[in-house]
Amino acid sequence: MKIGFYPGCSLTGSSREYNESLLAVAKVAGIELCEISDWNCCGSTAAHNLNRELSVSLPARNLALAELEEMDELVVPCAACYNRLVMTQHELAEKPEIKALIEGKLKMTLRNDIRILNVLQFLEKHIVPRLDELVKSPLTYDVACYYGCLLVRPNQVMKDERFEDPMTMDLIMQKLGANAIDWPFKTECCGAGFSVSKTEIVGELSGKIVRSAVDRGAKAIVVACPMCHFNLDMRRPVIESYLQRKIDIPVIYITQAIALAMGLSAQQAGTQRHFVPVNLTVNR
Amino acid sequence: MQTENHLIRKPSLEKLFNYLIGNGKTIYAPKAKGKLVFFDNVTDFGEVTEDYIVTTNSAKSVVFPRTEKVFSYKKSKESTEIIDAADNTYPDVVLWGSRPCDAAAFIPLNNTFNEDYPDIIFNKRSQKVLVLSFSCSYSDDYCFCTSVNGGPGNTTGSDILFTRLSTGDYLAEVITEKGKLLVTENNSLFEPKPEESKEQNLALIKAYFNQEEIQTKLQNLFENPVWDEKSRACLGCGSCAYVCPVCSCFDIQDEAHGHKGTRLRCWDSCGFGLFTLHTSGHNPRETQGARWRQRILHKFLYMPNKTKVAGCVGCGRCSRSCPADINILDTVTSL
Amino acid sequence: MSKIGVFICHCGENISATVDVVRVAEAAGKLEGVEFSTDYKYMCSDPGQTLIKQMIKEKGLTGVIVAACSPRMHEPTFRKACSSAGLNPYMCEMSNLREHCSWVHDKSEATTQKAIDLVRTLVGKVKYNKPLYSIKVPVTKTALVIGGGIAGIQSSLDIANAGHQVVLVEKDPSIGGHMSQLSETFPTLDCSQCILTPRMVEVAQHPNIKLLTYAELEKLEGFIGNFKATIRKKAKSIDEDLCTGCGTCITKCPTKKIPSEFNTGLGKRTAIYVPFPQAVPNKPVIDKENCLYYKNGKCKICEKVCPTGAIRFDQEDELVELEVGAVVVATGFDVMEPSKFSEYGYGKYKDVITGLQFERLASASGPTLGEIRRPSDGKIPEKIVFVACAGSRDPSKGKPYCSKICCMYTAKHAMLYQHKVHHGESTIFYMDIRSAGKNYEEFVRRAIVEDDVKYIRGRVSKVYEENGKLIVKGVDTLLNAKPVEIQADMVVLATAAVANSGAEELAQKMHISYDAYNFFSEAHPKLKPVETNTAGIFLAGACQAPKDIPETVSQASGAAAKVAILFSQDELSREPVVAVVNRSAPPLYSTCVGCFMCATACPYQAIGEELITNRKGEVIKRVAKVNPGLCQGCGTCVAFCRSKSIDIDGYSNEQMYSEVMALLND
Amino acid sequence: MNEFEPKIVAFVCNWCTYAGADLTGTSRIKYAQNVKIIRFPCTGRIDFMLLLKSFGEGADGIIVSGCHPNDCHYTSGNFHARRRWIMFRGLLDMLGIDVRRIQYSWVSAAEGAKWADVVNTTVTAIRELGPYTDYAKVAGYLEKEANV
Amino acid sequence: MKELIQKAASLLETNVVQVVIGYGKGSADRTRAIFSTTAADCEQLIFDSRCIQNLAVYLTKAEIKKMGKPAIVAPLPVLRSILQLAAENQITDDSLVVLGVSPESELIEFESLAAIETYLATKQIAIEEKYQTTIKAIKAMPVSERFAYWVKELEPCFKCYACRAACPLCYCTRCTVENNQPQWISVASHSLGNLEWHIMRAMHLAGRCTDCEACYNACPMGIPIYLLTKSMLQDVSENFGTYGPSLHRDNTLSSFNPDDKESFIR
């Protein structure tokens, strides 16, 4: 089986550590992720609000390329990219007329049968079953798993039973030895839509998330989406000014947590790239 | 007419065949399929086999097909329209490679279909059939034509009878005007009659019984344990009647499709248990023994009584085909 | 030769708007076997039926085809009309030009042509229809009522009071059902138990009612008037004849911490127990799963203390076979297990409870003796948030339907709370307030106006705990659609009413149909609301759909009336659509060869054997024989029979063959 | 040239699919006119010979439909039918009778929309397959085989 | 052989049975069914590889039944047929004596029909590979071509019903084809009539056929009709698992499993 990989823009820019840690984890597990050559923008944020055809064409081209390279599965770590690709696949399957139109525009045909995995699905399928052997230095602290909005939505497509209260990351973290705390902000909005335009909104929304995690004793927040990370980590000054309090809880990607548990170095996990220093030696 | 004898060389046979095809004739000839040889529609001389004693099926279907359209109809509430099938569209058929027994069978068959009133369809078909038979050089344990007034070189019923000579060429006995016409049309293929005698090229077939004697004997054998004994293994299928060149029982069937339909006549067999079943539930031939008796009596007593010609030509097909190995010769000789 | 009359109905304009009915009638008239054909505005009307009757007499019709609506609608109507005109009713068939043609196609030539085809097809069938005569079967005048909630109680009492025998089967140790768990009832706020328990006692004492508690239906065979029910009486481990219900055993039982089902887990009970003080029968059962003796072979204290020696540890389940003529299914409903809504924190936070649990808190017989105290610490909550539609009207996570009772009981809950905790504050998150019913809207108004219950129109997204308070995050869609957060001491979820977990299995046992939500299906949504598709089985109460008490009681009485009507006759006429083995065809009086594979295929064990003897009495043939009383007319045997020796009246081989032929040959 | 209009016979049970088709009507869901229903008490009653006869009489396609498993009004007629169709379908396939021309379905009394969908997709499928000329040729023996 | 003759003779002498159905010498090099009623008759009993007719067919024939209780010489195919006939209530333990013949031509006596089932349990019906290959090849043809193939193969059939007559399981006294109300199957042996007849025959043998090939051996026209029954036999085992005659298992088509799997019902 050939597992494809679509990094998208974030993983090559603001969240390189997400990319690095994912590849490092895959490497330890002996899984090859083949990056789609000549991939293009997923069309997130802007396209699907402005031009529907474009919003389908962009991801469709990526899917077509993956098919050309005979990939059976496609791992899409960025939650926004994932959402676009999955929605496109759904739309192409449901609406043959749109599929025909897009195929015409792209001058490519689509079988539309590739299995698209977000990071959690990828981990669950390929890594989790082998965690027992791969975990070398179990994590021992309390963490708050933050899912955000895009990983579990829309429910009609994702078909997750617990889309209001997901558990996937919590269970993985428990397997790594950490204690995933019970907290109510798993799927609260982080304010990503206003991250650039109205940062004070991010301050409030993300602030409440961070505060709750800290107040409930978490030593780290675990995420699986570059936008979430961006807001919780890089926007910490705005958050602190909203909360009127200094908060030093680090925000790590689930892949980084796994990398650390596998015994990889902080360098390999990319934790040195964060705005909020990651210093996770404290036990619970 | 006086029989005329000619010689026809082996390669000329093919020419004759091709001439017939060229003239739009439909040719039925022996064709091999696996171990069996059947009369079948043949268009290529290469398909015709010579390696057979008799074919599995008889040649009667050229005049009495297993399914024959009698007429079709269309009806509405007010009227019924009949479209008669007995028109002149029946094909010109050449029966090629029939054995003398096959040809002889056309006589009793003809008698049946013209006994009380002439059967139009049968007669129209018969008129269009040219019978080109080949004498028998071989026979097997099932053959008994010589017991029923026939023989391996018997000319009855054929238009031309070919007999293979030691040279590989053929003696052609032209028996009828129809046959003669064919010779005239293909004059170049026919040469003066050969020296070699016909008889020495014929199979030797033992005469097991005398048909007239059997006919006399059967008059008093209606009640006899032999029928049950000899038919005990009979399974009650119709294969004996269907391969028989003389059997002519049929069943009239209407196939309706809404207000349209067709009347067909289809082969039937006295071997079937339900053949004589009455609506009341009574069956005059209740047992397989009674059915077997009917079959023998019909062929060897009733038919010769009525038409002087027996209903069996001794081809032995019924015995060969019988799945339970009921042997007609065995029965008749045990009487 | 058939003389069939074809009557094409316009059905007002329902058919004639898309089908050229005049042409259909004309085309039918040209068909062989059709003596007369016409079209008419309303065939089912009096003049329409009169026309049919008149033509039967005038033209000497031997068959009638009414091409109109579905035969499921009016076949009985027209068959009756034919019968009254002297034509055997089974010579009349209906061609479905409305549901299967005019309503599903646009007006076009093809639609008219299809109508003609459908009529012609049926002419093909009717040519081979033969007169059939209804089969008489005796009626066993005992009713089986399944479920001892208010529906089953009401049905049982009504049937028993009509003078018929009733067997009431209840799966729990006591009758009473959900109604016995309720505190007060809307819109009158009268005490549920006060009105229910007299009825329960009446059931126990009624000479015509036999009560089987702690029992379940195992098997149901047979047919209307002649069912055979097998009931599993679960072992109570008690000799009921000896037990006086003194309760000593309960007091002495050492296993005291089992969550009480009756109190929805808010209270505890012992291993030998009666579910609640007013239980009927008021005799305990031993819960084998929790009893020390059954678990590890030691204890037997109850046996030692029982003054009458009524404890029977060796008792086993008993199967009882009952002959009954009718069945009333009154198995009720369940509330949805809200753990699916983990965002509401049910199961995580002790003070998030269901509406049914709130009923127990508010009930004088409940674990708090009617004081509203929250489960976690027993404190009186100062603020309660009620979440309506928890699982109802929610196609993505719950049930798409409205549970119908929640609006009312939530209003009632808030009101009860306000009455008991005067300084308390109650807030209700709702989608719409559905208070259609006598005095219902007034009741809700009272809650809002007099008791100051706060209604917020919007849904709740999350309930979580912070600093000992339950934070309810929701939205108020009326106040500029702002998110709201309420700090509450207790949250009550108005969980959806759902079908019982065993409903599907029970329906299959009884061969009745059920809907996508496992509620049992009525035979007709409007005109046969208490009947099922299986004759002789009736529905009462919330097993058919969520219902409140008055509606349940009405339906229960309706079902009882249906049973009483059935029992008013000594004999029933059954549709003569049954299979028959031919007994005249040669050879030997039947074509059946006695392979009896039909018998293995028959779902009703309706096929037995018949020995055909000759005049001397010797057996000459062994053939299959259909018992017309047991045969339900499915025809599986017919399609299976190789020699075509079995045929089915009404759907005979000739009829079906002729239909196919007629359909495909115009 | 006229577009090919397939002739399709539907063999349905009285209790589920017939009622389901009634619901299609009451719901006013539109479907193609090509399918005509013949009502049987139960799928268990549907003789495979009737399907064969339909092809023989010129049907281009067939729908066989009844209650979902476990929902049979007669408890098990549809289970028997299912076995029968499994065997029948295998035999037809062996013989080269186009099994794509027979659509089997379970349509309950509540599935009015599904019935319309079954009809429409079957009509589309048969339209794509074209008239069943292979079988029609065999059924039209009278024209061809008058001289056997 | 001697053993068989002795056993048969003693059964007749002791009047345990009144007739022994066995094989004897036939025309030319054939064998045929013989019906011995005396110990002396039994001397004519033979058994060799030519004895391929399935004698079980006689167990349900009225003419043979009239002769009294039979003993029957039963090689493997006959044993299977006997078991199936028993499963279909046509024979019982008391109605016959089975003289089993092993593939090594040794006499095997059976206490009961159940003992036959036990014996046959080790001799499962298996479709020979060459037939499997043929069936596969036919199924691989494009559908139109496959249809044409069969129409041509069935064309020689003139409906003598030898296949039916020779089949031990075709014991109906009135076959569907003889039912004319309605006329399910055309009596005529034209293409459609032939096709319908052979489909019906195969369907009626579905789950019952024991693969004895009697139908094929009986067919005067040599039509490979066994391919249909063999193909269905494969279908039975693929779809429903266990296959073969049995006294305690219900027949394939008159029984069902709620979990039967198919892929074509939507």
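Descriptive notes on the structure:
Each chain gets a letter, A, B, C, D and E, in the order it is written, and its residues are counted from 1.
Basically, a residue touches a chain if its C-beta (ideal position, glycine included) is under 8 Å from a C-beta of that chain, and two chains touch if they have at least 3 such contacts.
No experiment lies behind these values; they were computed from the predicted model shown.
Touching chain A and chain C at once is no chain at all. Comparing the chain pairs B-C and B-E, the larger number of C-beta pairs in contact belongs to B-E. A simple rule picks the central chain: find each chain's mean C-alpha point, then take the one closest to the mean of all protein C-alpha atoms, which gives D. Of all chains, the one whose Cα centroid sits at the greatest distance from that of chain B is A. Look at where the CA atoms of chain D average out and do the same for chain E: the two points lie 33 Å apart. In terms of their C-alpha centroids, the spacing between chain C and chain E amounts to 50 Å. Rounded to whole angstrom units, the spacing between the C-alpha centres of chain A and chain E is 67. Each of the following residues of chain E touches two or more other chains: 173-174, 176, 184, 190, 193, 253-255.
Shared interface positions of chain A, i.e. residues touching 2 or more other chains, are not present. In chain D, the positions touching at least two other chains are 48, 53, 57, 70, 76, 80, 84, 142, 145, 148.
Against chain D, the residues of chain E that register as touching in their complex are 135, 138-139, 141, 143-151, 176, 184-185, 190-193, 195-196, 199-200, 202-203, 206-207, 227-228, 231-232, 235-236, 239-240, 252-258, 260, 262, 264-266. Interface residues of chain D facing chain E in the complex, by the touch rule stated above, are 48-49, 52-53, 56, 69-70, 76, 79-80, 82-99, 103-106, 118, 134-135, 138-139, 141-142, 145, 148. Of all residues in chain B, only 33-36, 38, 56-57, 66-67, 140-142, 228, 232-233, 235-239, 241-243, 251, 253, 255, 264, 266-267, 269, 272-274, 287-289, 319, 321, 323-327, 330 touch chain E in the complex they form. Of all the residues in chain A, the ones that touch chain C in their complex are 155-156, 161-162, 164-165, 182-184, 212. Chain B contributes residues 75-77, 256-260, 273-274, 277-283 to its touches with chain C in the complex.
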